[in-house]
Structures are given as C-alpha cells and as structure tokens.
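Here the structure is laid out as structure tokens; the discussion comes afterwards.
Each chain gets a letter, A, B, C and D, in the order it is written, and its residues are counted from 1.
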Amino acid sequence: MINERNLPIFATLIVFMMLYGFGMYEYRGFRDTLVFTNLLTDNAFLIVTAIGMTFVILSGGIDLSVGSMIAFIGVLMAYLITSLGLHPLAAIAVAVLVGTLFGAIMGIIIAYFDLQAFIVTLAGMFLFRGLAYLINLNSVPINHPFVTALSDIYVPLPGRGGLTFIAMAMLTLLVIGIILARRTRFGMNVYAIGGDSHSAALLGVPVKKTTVKIYALSGLYSALTGVIFAIYTSSAYPLAAVGVELDAIAAVVIGGTLLSGGVGYVFGTFLGGMIQGVIQTLITFDGSLNSWWTKLAVGGLLLFFILLQKGIVTWAKRRTSPT
Amino acid sequence: MLEATQTMTTKIMSPINLLHKHQKALAPIISLLLILLVTAIITPGFLHLRMIDGHLYGSLIDILHRGTPTAIVALGMAVVIGTRGIDLSVGAVIAISGAVTAVLTVNTDFPVWLVILCALGSGLLCGLWNGILVSVFNIQPIVATLILMVAGRGIAQMITEGQIVTFHSDTLNAIGNEFFLAFPIRVWIALALVLITIVIMRKTALGLFLESVGANVRASRLVGIEARLLVLSAYLFSGFCAAMSGIILAADIRGADANNAGLWLELDAILAAVLAGASLAGGRIYLALTIVGVLIIQTLTTAILTSGLPAQYNLVVKAAIILAVLLVQSPKTRQLLSQLFRKNMDYSA
Amino acid sequence: GFSQIGSESGWRTSETESIKAEAERRGYDLKFSDAQQKQENQIKAVRSFISQGVDGILLAPVVETGWDSVLKEAKRLDIPVVLVDRGVAADPSLYLTKVASDFKEEGSLAASWLAAETNGRCNIVELQGTVGSSAAIDRKDGFAAVIENFPNMNVIRSQSGDFTRAGGKEVMESFLKAEGDASNICALFAHNDDMALGAVLAMKEAGVEPAKDIIVLSIDGVPDIFKAMMDHEANATIELNPHLGGPAFDAILAHRDGKEVDKWIKANGPLYLPDTAEQEYAKRK
Amino acid sequence: MDLRAGEIRALLGENGAGKSTFIKVLTGVYERDQGTIHLDGQIIQAQDSGHAQRLGISTVYQEVNLIPSMSVTENLTLQQQDKTFGLISWKKAQKRAMALLAKVGLDIDPSKQLDSYSIAIQQLIAIARALSNDAKLLILDEPTASLDAGEIQQLFSLMKQLKEDGLGIIFVTHFLDQVYSITDSITVLRNGESIGTFDTAQLPRAELISHMVGKSLDDLAPASGQNRSQQPLETLLTIKNLGKQRFLQPIDLNIHAGEVVGLAGLLGSGRTEVCELAYGATKADQGETTLKGHVLTQGSLRSAIRTGMGYCPEDRKQDGIVAELSVRENMILALQASRGWWSPIPMVKQKELVEEMIKRLAIKTPDMDKPIGELSGGNQQKVILARWLITHPDLLILDEPTRGIDIGAHHEIIQIIQELCAQGMGLLVASSELEELVVFAHRVVVMKDRHKIAELDGEQVSEHAILQSIAS
C-alpha cells in the first residue's frame, strides 16, 4: 500500500522509468546495461554529494560549500600523495578527516552563533575554493598504482555494462545514508529539526549538537565525493566541480525532499541524481543540439519532469485520500 | 548613595540601550566602515577623491559605480526573500535583457527608449514565468528559478547567436558610464529605484503584506491577503530589477556577453540581503540595509583588486572577511561581548 | 562525436561553428555535446559517444588531467580520439593526436614582441584569465619566462579578469586607480581579447589613450580586436586558430588508412599588428 | 515552591502572569538567573528540555509542540526509540505508540502524519508522549484547552492514577471547575511573582480569583444569559447544502443579524470543518453560501471578507499569528487586507485602534511593537480576536475563541460577543465549553461524525439538551 508520504518517491520513480523507457525506445544503444552502469558511475559523485545534502536539507538547512569541498579535497589528496609521498589510503583518510572537520566547523558556526546556513556555507564555498588555489593552481595527475588499481576495478555485467569501484562505493554510501536517515536516532532528530526546530528542542532533541553533526556529515560525504572524483579522473583540479552544489540541491529536491525541511527520503535523492544523468545522456545521444539549445533542453526537461511529478502526486493524493 | 549610583548607571546605559535598539541596523554599517578603514590603511589613497571635469574620481566612486548593478538586483532579491522565496535566475535574466538591448540596438532602428522598454519587458516576462511556477504551480522557488537560471543563458545566447554583440548608442553609453552632478548616472538611477521601492513598501501596506506572507502564508491567506498575487509580483519585481541591471551591465561594456554577464551575481545579491539581516525563512526585510550589504561586498572586491594581492588569494580573503562580518553581526557574539562588558563594569564599580 | 567545453567566449563559438561546418562539408554525421565548462560532463559525453559506437572523437578538454580512464575505454574499442585546442596530461598512446596551439608559446611570443617594441623597458599590468585555467596559467608562465631576461621589464600588477569584458574593465579601472596615474604603466598584457577590449573601455573613461599611452597586447584574434586595432585602440593580438576541424578530421582519416600521425599538429597563429587589421577584420566578419 | 510526590498542583494566574515561563525555566528551556531547583532532595539544573526529561521531568508545553510533518509514531517515540541490532525497529515503535495512545483513549492510525489530526487530537498525543517515560514530575501546561468534557474526564482519571503511582503533577489551566475537581493545592502567579500556595479545599473560589487578578471579585460581574425572546432581524448568512467529500456531509445553516449560533460537538465531530467551509478557507465541492444576499464565490476569501465576514481560526500558531510581526501589525492585518495595499491605515489611526483594543481586552504587552510571538499564549489569542473585532464584520466566525484565555478576559470576551450581537452582528461560534455556549448562543447546532445532528433553539438551549443530542 502506497503511503501518502511515499508518494513523491513513487512519482519520481515513475518519471525516471518513463524517461529511461523513452531513451530505450528512441536509441538502440540505450538498451545496453552499459548505459545504466555508466549512469551509476558518471553520476556517482553527484549522488554522493547529494546524499549528504539530503540530510542538510531535511534539517531545513542548505550547504553551498560542497562543490568547492570536492575540489579542495581532491587537490589536498593530490598534494599529500604526490608532494608528500603519502600512501593514497592515508591521504584519503586525512582528506576525509579534514573535510568532516571543516563541515563540523561550519555546523558549529551555524548552530552556536545562530547564523544562516546559506551564508555560512557560501563563505565556506569561497574559502575551500580559495584554499584549493593556495595548494595548487594547476591540474595534477595522481598516478599512484593504488589509485589506478581502484579505478580499474570492474565487475562486468551482461549487456556490455559493468560496475566500477566508484559505482559500488556510491551504492554503499547510499545504503548507509538510507539507514542513517530512517533507522537511527540521529536521522529522526534531523527530520524533527527540519519539521519544527523549536518544537524539536522542546521535545528534547539536542538541536545544536545534531546540527553540527549534520554539517559534519555533509562535509564527510562531500569529502568522500572529492575522493571519488579524484579516483574517477585520476587527477585533481582546483576548478573541479564548480556549481555541483546547485546540481546536488536540484537532485535532492527533484527526489521529493522539501527545501523547507522535514519531508523527504534519501532514496529519492538517488533517483533525482539519476534523472539529471538521464537528461544529460539523452541530450548527448541526440547530439544535434548546439550550446544554447543544450541549456534550453536541460531547463525544459527539468521543468517537464517536475511538473509531471507534481501531477502524479496530486492525482494519487486525490485517489488515496482518506474516506 | 544608592540613588546616585542608580542615576549614574541609567545615564551610562541609555546610549547603550539606544544602540541595542538599533543594533540590527548598526552591525552592517559598522562592518562597512571597518572594512573601509582597514583598506584605507593598507592601500593609501583608497579614500582619496578628486574632481575631474565636474565629476568625482576615485576608488570610492568606483565602489558605488560597480556596486550599482548588484544593488539593483539585490533590491529585487530582498523582496523575493521576504516572501520566503529565492531567485537564482537573476544572472540569466541579466544576460537576456543585455542581449535584447544589444541585438535591438544593432539590428533595428528602434529608438533607445523603446529598446530599454523591450529589455525591461523581457525581464518582467522572466519574472512572470518564475512567479507562475512558484505561486501557481507551487514549485519550490529554488528549483523553479534554477530552471530559468539554466535555460535563461541559453535564451540569451540564442538571441545573440553565441557572439558578444557590441553596439554604439550615446544614451546607453551615458547610462553605463557618464556622470551627472558629480556622480555616475547609473548611481542616480539605482538611488531613485531604491527610494521609490522603499517609499512604496513603507507608505503603502505592500511591505506589511509581503512580510506577513513570508512569515506565515496560511495566516495571511486567512485574513484575506492575496498571497499568490503578492508572491507573483515579488518575482516580477525581481525580474524587472535584474533586467535593469542587465541594461546597465551591457551599457557598461557596450556589448552583450550572454555567457558571462551577471555570472554568479545571484549569490552576491542573496549575500547582501542576508548581511542586511533578512532571513531566508521569510519575514522581515531591510531594503536600505541591503544596499549597505552590497557596498560591503563591493568594497571588499575593489579593495582586493587595488591591494595588489595575487589573484589566487582573492577567495580566501573574501571568505575570511565575510565570516568575520557574520560573526560580528551574530547576536550570540554580541551576547558574549556584552557579558564581558558587564563584567568589566562590575570590576570598575 | 565532438565534446566541446562550452560557449563561454566568442572564440569558442567560432571554433564550434568551424568544426561543425567542416564536418558538414565532408558529409560526416557529427554528434555535438556542450559540456558547460564541466569536465564531468565531458567525460559523460565521451562515454556516451563510446556507447553509441562513433567512428572518432574530437575532444576539446577543459582541463589537462583526468582523462586516462575514458581514453583507455576509447582505445579498448579502438575509437581514435583527437584532442583539439588543448592537450591532456595522459599517456600519448591513449590519443591519436593533438591539434592545438601552445599557450606557453603564445605567452612567450607576446613577451618577445613587447620586449622588442619597448627595448626591454616596460612596466606591465597583466589581466589573467580565470584562476586555475590552463590557458591562464600557461600564458602567464610563458610570458614571465621571457620577461625574466629583461631586468627592466616588470609585471607590476596582475589580477584575474575571468576572461570576460566586464572583468577586464573592472580590473583595469582598479589598476588605474591603484597606480594613481597611467604614466607608470607602459603596457597591458591580457590573456584574451575580450578582457583587453574591456580594459580599453576603462582606459578611455579614465582619460587614458589606449594604444598610445598604454600598449595593448592580447591573445585570441577575435574580430572585435581587429576592429579596435583599426581604430588605433589596440596594438597587437596573437591569433588562436579556431579552424582546427580540418586537420583533426584529416588525422582521423589518415589513421584509418593506417598512416602514422604526428602526436602534435601545431596550430599556432601569428601575431597581428594594426597594419593588416582591416583585411583581417573583413576576412572574419 | 515545593511539590510532594503524589500531589497535583494547579498553577494559576492571568494571561501573561508567567506560568509558561516558569515551566520553561524549570525544564531548562530558558536560562534562569537565580534560585535552585531540587528534585528528590538533589539540586538539579536542567540544561535543556532533553536533559530535564532524563532527569525525570516530563512536560507538555502550552502550544502543541510536536513535529507536524512526522508521523504520530515518530512523534511519540522521538528520543526513545526501540532498537534491534542498534537500528530503530518501526514495528516495535508502532506497538509502543499504540499502547501510549490507548492510555489517553485514542484509537487512531499512528502511521499517519501528525498534522492530519485536529489540534485537540494533537494535544492528546502530546500528553501521551509525556507519559511515555517514567517521570517523577509531570507538567501539563493548559492541556485541556479545546478538549471536550469526555476527553477531560479521561485525562483526569489518568492523572489520578498517576498520582497514586506517586508522581507529582503541575497542572496549568484557566478552568476553575477543573482546578477544584482534581488538584490538591494551588500556586498563584501574578505579574511574574508568586502570590502564594494554598490548599485547594480551603480556598474559596472568590478568594482565588481575587488572588489571581489582584482585585476583588465585585469588579467581575457574572455573565448574564441572553434575552432569547428577542426576535432576530433579517437573515445574514444562508448555507445551503454545503459540503465536501471526505470532509463534511452537506449541511444547511442560517444565521440572522444579531444572533449567535453555537457549534457544539465532540472532538473531530466537524465543527472546525463547518467554520472553514462557511468562511471559504476550504473550498466546498457542493452547495452555496449566501451572505447578505450575495452568493459567495467558492475559494475566494477576499470576496467573503469584503462582503463582511471574519474568521478567527482554531489553530493559533499555524493559522493565526504571524509570529515575527508586531502586535500592532498583527492586529491591523485583517482590516488592512480588506482595504487593499494601496490605502494604508494612517499610523495615528493604527495606534489609536490598537491602543483601544489592548485596553479593552487587557492584553499584556510592554508595547505594541513587540513581536507577537513573544507574548503569552492567551495574549496572542486576544490579539487575534482583536484583529477581527476592529474590522467590524457583519458575520464573525469564531473557532474556539476562548482557548487559553484567563477568566477575566474570558468574561470580557463573552461580553464583547453579546455586545456585538446586540449591535446587529451575526456570530458563529464553535466551542468545546458548553457552559459558555449556553450563555451566549441563541441557537446551537450540534455536530456528530461530520453531520449536523440537531439544532436547538431558544429555550431548548441547555447543556443537558446538547449532551443528550450528542449521546443519542
């Protein structure tokens, strides 16, 4: 039985399947599993960031710093590996730790100084990009055998497709995210704060501590994205992932999460990210659009699917509303 | 004895109380002054103003001049934020209105006023589009305007066919660069727009309705405020402001750069409104302070440019100063400070 | 398939148009993808070209690193990849060839010309491109490497104008203010023409005569800069050749016929001066 | 103040006396600046509400403070989830939620979102939640506002049982009957100061009131019944067959000028729905509303207001106050909205109107520019009422107008209702307090299961008759 609260997710799922079905109908190449597994790999970085962002948005906040964080972590990792000669695993550990810490610091400023998340994380966005520039202006290759080995992991599937390390990492992080959101006290606290932070405090939710944890978690997920991105491209670049924050927010919101907080699911975010990926894939498969038509098509398809999703939700609500 | 001490403390406290009452307004202004002061110390001559051919010349004028487009956009943004919305599309609208201005000037023999009207009209159209998505279709503002943010630049490029279209028009050039009564004309335009907006907001009930809708839509609807219409108008206004800014920016470089005009300007505009004390959760907005917020951001940019700092440090410095300004403004910091202050008072007593 | 970076400047648009026109002339079916300045989009595009089974891929990489794995994939399926207008930092065996100019060389060429023009005595202000972009880094380095040899040539101010006209104008304004008066500045070196054009506006508004009081030197060779040279507002530009389609398609054909192809087909453009500006402008219009 | 185990203490005082504030200080929501709190002989200092819970103080705050967007189960088990292998088990949680709801006599679907239930149900859920941990001290801040008699009886028997188990209970209410029927002792607050603690059995009603308001009872003339024989004038509002699927069965209703029609019924019987449909806050899918001869367009509140309607909603927090705006702005909002944005009320006039209302309703606020969110609950309610009184509507719909209002003002409001109706206004008043309905209503419409089951007129109107028709 479809619960009323699950409706947006079902709507998103339907939209995704319609979109994918259209691709299969229109382009022969789309029918390979390759296209699907490519979607998983190519959108892994977006989805992982968006999972962290989901928690932030569920709590009624926003994190604009994720794109810069990805670049910063990548550059930091490259610096640790190539200049300091650290083993990639150690470098990853350090980088992830630094990312989480920076996230937590933003959380502390937001929670304990009562400042708006939007602008604190905007400052974070400037700061991390700036720090990335300070470490390194150039793009640097990361040519460590370990990193190459990771990016070469590949579990082939029938139909030309296959799961890369990145895709598997993303799926793992997705499962962790889902469990964290629905099956832990932390997750429930996030929903409560997003629903009504004043009431949450009166109900005994440690609002400030949880807020710090939320931004630390978002820092962690975007730092992991930085790592994934570095493995994906075997390199680091201070200008990487510009504007990913907006894509991530869009993925979260398309996935049915309310920007005002309190309502939404991590799995929806996954679908939201995949929908964005399919839109892009469709446009490249078409391949006849010039630069401006590409932009119009991205915007137009986004609009179309949001409206479609809204329509499905309204329609289903009318049908399942209580008697 | 006791009485005497009491009057003493009231005397001391009363200016502090006054400060307390206007703290919200003071924080951004003090931040601005501090940044100006520090810059003046680092870069001598920063505050220097000269009169050349009847107009003022100097970095301070540059700040006003450069801050104008952002200020106009921020004005519209503040209004939208008041309704618990956000408008990410302003950069794209700037590109569209710039493109319209340039293409109409080059390809038609429309008089300038008509060109400007068309450009403003394109902005209103964009605002209408956003407003309909938000208030009629109930799409969350950030996504609704994200659509135009992406597609809008495509539209602008389509209009200019991907080229930077340069044009020559004395009137537009005057709007972009010339002076009137010692100040740039565009500063006068912005000033007029800001004043008119403030007067309309405060002298009619529009401001009240806007803040009411932003703070509690359900309650506002129940007292008979047409919330939808109001939200729609807020986006219309924001589109109008962005278009105005687009004309100025195009006039500035005498060309329309569909790809880069107003890029990331939305973030500066939001930042300004928030520095002024607006909450993204809707409610109270402070239009005049928003302009102060813009000046803070622009002073920072201009100061970094004149300081001779290598380009890669720009962002770190900007981030650090924004954080500092934020912390200064945080009521929590004030609380901490006033606690310290009180302690000191106790010691001295 | 052709994966383009985006359409951020007039130059890039003409590059796209040129390659499309070339493909059409030859009767090829060209799949075009605009990456909106994002490497991740380019990787996706190349991947989907591969999954569509194209015969060859043209890639204008937004950044030099990070292409190894997709290039390997293309190689595995034996799809030749030609890099246009920029190189990548990957094993050269992974791509067929690169049709590009050398940003460093452009920087050096600009510096040498300026040194000759000013007898090695000049205070220069520099308008950098977007911080971190390879064009900005290499042009800056190439320029600096030559300047180093001339003790009396100095870059006194250098800031980023983000490759845009508005950026160039704003930064130039602040340079003029910061230097107090223009007599201290002998030349402007801008990493692209658009910034130079913006800076020219700033100079005119500050009462400084561009090209006379301050030498204006930039890179790209877009039509508007030739126009400016005709009006005696700019001194020199180095062309960045946008017509890379021809050599790129030739290389793919040659590869199909089993011929060896050079790893770097240089497409450096010459330095243009005002005397030829009129013809060049007419040619490009 | 001290409280023994197994004692039920009433905390009384006028609106804004500081009852809720006291409770929030006790549970660490507000920082205190002096004094100590002992629990079981130990000094405690709750850092925040969660800490207080762990210390054994369980609280139901005045406004329903639950999370509207979460399910009932989630609300009930927040902070005390049952886990299997370290992860929350929703099966167990559901079971626990059902058990808690049973305690307060609720039989509802706990997997549904909280805000799909009415305020009164939410109130009960909040009480259930407070019972969920083994507390030593239970604090209830106006839990009975908007509960009906049956629910209140259920709550009281629960309280008695808890008292037997040795719990201390602090109980805030404005209903003196309830105070006398359940509490052992009374602490009275006035203007943020404790006036004293008294034994309930030993304190006569009159004395209690004079302690609360600070003057003798004579000033409060008892509310007098209506002169019901007076024939109402013309018909003001006609509702014909108005209904909405799954919301309200179609009903017919007339209201004449100078007449008060009461709406009575149990929780969830559909009183609020009648108010909402009549006003147009919810769009009906059948029937029509005619006001003063004009047929109202469904779904256009502005047209309803312009024709002369006013509506004071039940859910003060969500539908009533605009918390960030000042008392003045909140009060003139409806009047201003009816005039339109282009014709602002001059500031002098605004101040005059607001000043008068503050005086008339004895609204406790330091000045009219204070954000309304910072007023006490009862005072907020008065402001919302005043918002509509100054618009002088022809027809005023009031949904639980006296919810959380102290006796002094309660009285005042009843008088105002009577005055308004004497001036020819028509009123539709939904209330859980039969006592007050009987005092001012000319006619009472009784609701049950979203049906209109009876309409009592003139001399028929009595508490007994209403209860009887509900029971039938």
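Following the convention adopted for this analysis, a residue touches a chain if its C-beta (ideal position, glycine included) is under 8 Å from a C-beta of that chain, and two chains touch if they have at least 3 such contacts.
Every value quoted in this text rests on a predicted model; they were computed, and no experiment measured them.
When the interfaces A-C and B-D are ranked by how many C-beta pairs touch across them, A-C comes first. Taking each chain's centre as the average of its CA atoms, chain A and chain C sit 33 Å apart. Chain centres here are Cα means. That of chain C falls 71 Å from that of chain D. Centre-to-centre, using mean CA coordinates, chain A is 44 Å away from chain D. Multi-chain contact residues of chain B, defined as those touching 2 or more other chains: 157, 162, 312, 314. Counting partner chains per residue, chain D shows two or more touched chains at no residue at all.
Of all residues in chain C, those that touch two or more other chains are 6-7, 13, 16, 131-132. Applying the touch criterion to all chain pairs gives A-B, A-C, A-D, B-C, B-D. On the chain B side of its complex with chain C, the touching residues are 43, 45, 52, 58-59, 62, 66, 157, 162-164, 166, 177, 249, 252-255, 257, 259-261, 263, 302, 305-308, 310-312, 314.
Interface residues of chain B, counted against chain D in their complex, comprise 203-206, 208-209, 211-212, 215-216, 218-226, 283-284. Per the touch definition, chain A reaches chain C in the complex via residues 27, 29, 32, 34-35, 38, 42, 45-46, 133, 137-141, 148, 151, 160, 229, 232-243, 277, 280-281, 283-285, 287-292, 294-295. Chain C makes touch with chain B in their complex at residues 6-10, 13, 16, 128, 131-132, 157-160, 162-167, 169-171, 173-175, 177-178, 180, 194, 197-198, 201, 205, 207, 224.
The touching residues of chain A, counted against chain D in their complex, run 3-5, 179, 182-185, 188-189, 191-192, 194-196, 198-206, 262-263, 321-323.
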